[in-house]
Amino acid sequence: MTICHDRIEVGTKGKGLYEITDEVQSKIDKCGVQSGTTTVFVQHTSCSIVIMENADPTARRDLEDFFDRLIPEDKDYFEHSSEGSDDMPSHIRMVLTRTSETVPIANGKMQLGTWQGIFLFEHRRAPHRRKVSITVIGE
Amino acid sequence: MTICHDRIEVGTKGKGLYEITDEVQSKIDKCGVQSGTTTVFVQHTSCSIVIMENADPTARRDLEDFFDRLIPEDKDYFEHSSEGSDDMPSHIRMVLTRTSETVPIANGKMQLGTWQGIFLFEHRRAPHRRKVSITVIGE
Amino acid sequence: MTICHDRIEVGTKGKGLYEITDEVQSKIDKCGVQSGTTTVFVQHTSCSIVIMENADPTARRDLEDFFDRLIPEDKDYFEHSSEGSDDMPSHIRMVLTRTSETVPIANGKMQLGTWQGIFLFEHRRAPHRRKVSITVIGE
């Protein structure tokens, strides 16, 4: 069995989806595992990892707008507001989505569907550098 | 270590939950792993994999109705509408739920609770054939 | 390869987040795996496993309040109500969050970010004993 741990950093510039599919695959290539799984795990509680449609940018904008409507900022019902009006909504968005994705690997490639991409979903407005841990297990 | 990759196809006839627990277990049986994990991963962005209560059909209908109210179709705020009014809501439902589930295996069986079943959650109205990848890792 | 299966039980006293990070780490310590992953899986359909901000209790209260507003109890549109008014909302909360989390392990420790904790998210009002399965795979 081979286990590889690696990391990528994603520079974000405000809310939205940032595709990292190629960066993840390049870490799998470097590891050399042909068959197994990879777990893509983000080490923060104000952004998410999601698999999403990667073809049409309008689908990503509609997704972002939906989350803005579902969890509006500046609501007086938020008690946890010392870190900014987008902080508490960012934690809720994270809980409603995912902290990690586990993807099968066969023949050295992630077995994603045609339209699936892996994205870091940023929930904060200010620029951040996000640490994403990539673990590959297989042979 | 043993790693098995297999696949099932699920024919769907409209929105709703389609149980696949037995099909997943039969792929684990075929693989022969007694101890480890299985990752059930759907290769599409307009349906989901979820674990849900498998006893009472009314619980599944209530769940479907809730999602219809939370993400209504035919809203003019959706820009991504060229593939039908149920397409953009289907991507949002997928992001709010899950693309995969990872389940422990002991004594050759998935360690599900009494009322847990694995379901493909279809978000489109038209019939589809959905590809579900099943990876088993263990010994 | 080493595979360990273990279990913790969490006694809950109503809705809310119950941190289990230390209990999970102690099971990894007991297993002795230095490099790999752990899958924390709850065997119920009316509570969830989530990773959440573990520093500020107000963030957890705001999260709980958000879910109470998003999926209110006692709505007459729920057909599945024989087990109490908080039962159907509990299944919806579970589908909107997660049944399991998979976390990388390096140098014997979970690779959580500074503010990340693992929580059992209870969705029922009555006290429960919740079974959480912990699987460690690695070497």
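Chains here go by letter, A, B and C, matching the order in which they are written, and residues are numbered from 1 within each.
Convention: a contact is a pair of C-beta atoms (placed from the backbone, for glycine too) under 8 Å apart; a residue touches a chain by one contact, two chains touch by 3 or more.
What you see is a predicted model; the values in this text were computed from it and never measured.
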Angle of rotation relating chain A to chain B [CA atoms, steps of 5 degrees]: 120
Classification of the chain B:chain C interface as same or different, half of numbers criterion: different
Averaged-CA centre spacing for the pair chain C and chain B, given as whole angstrom: 20
Sequence positions of chain C contacting 2 or more other chains: 1, 70, 96, 98, 102, 137
Residues on chain B engaged by chain C in the complex (per definition of touch): 1, 35-37, 50-53, 56, 58-59, 61-63, 65-66, 69-70, 96-98, 101-104, 106, 111-116, 121, 137-139
Chain C residues within the chain B interface of the complex: 1, 3, 5, 39, 41-46, 70-71, 77-80, 88, 91-92, 94-96, 98-100, 102, 131, 133, 135, 137
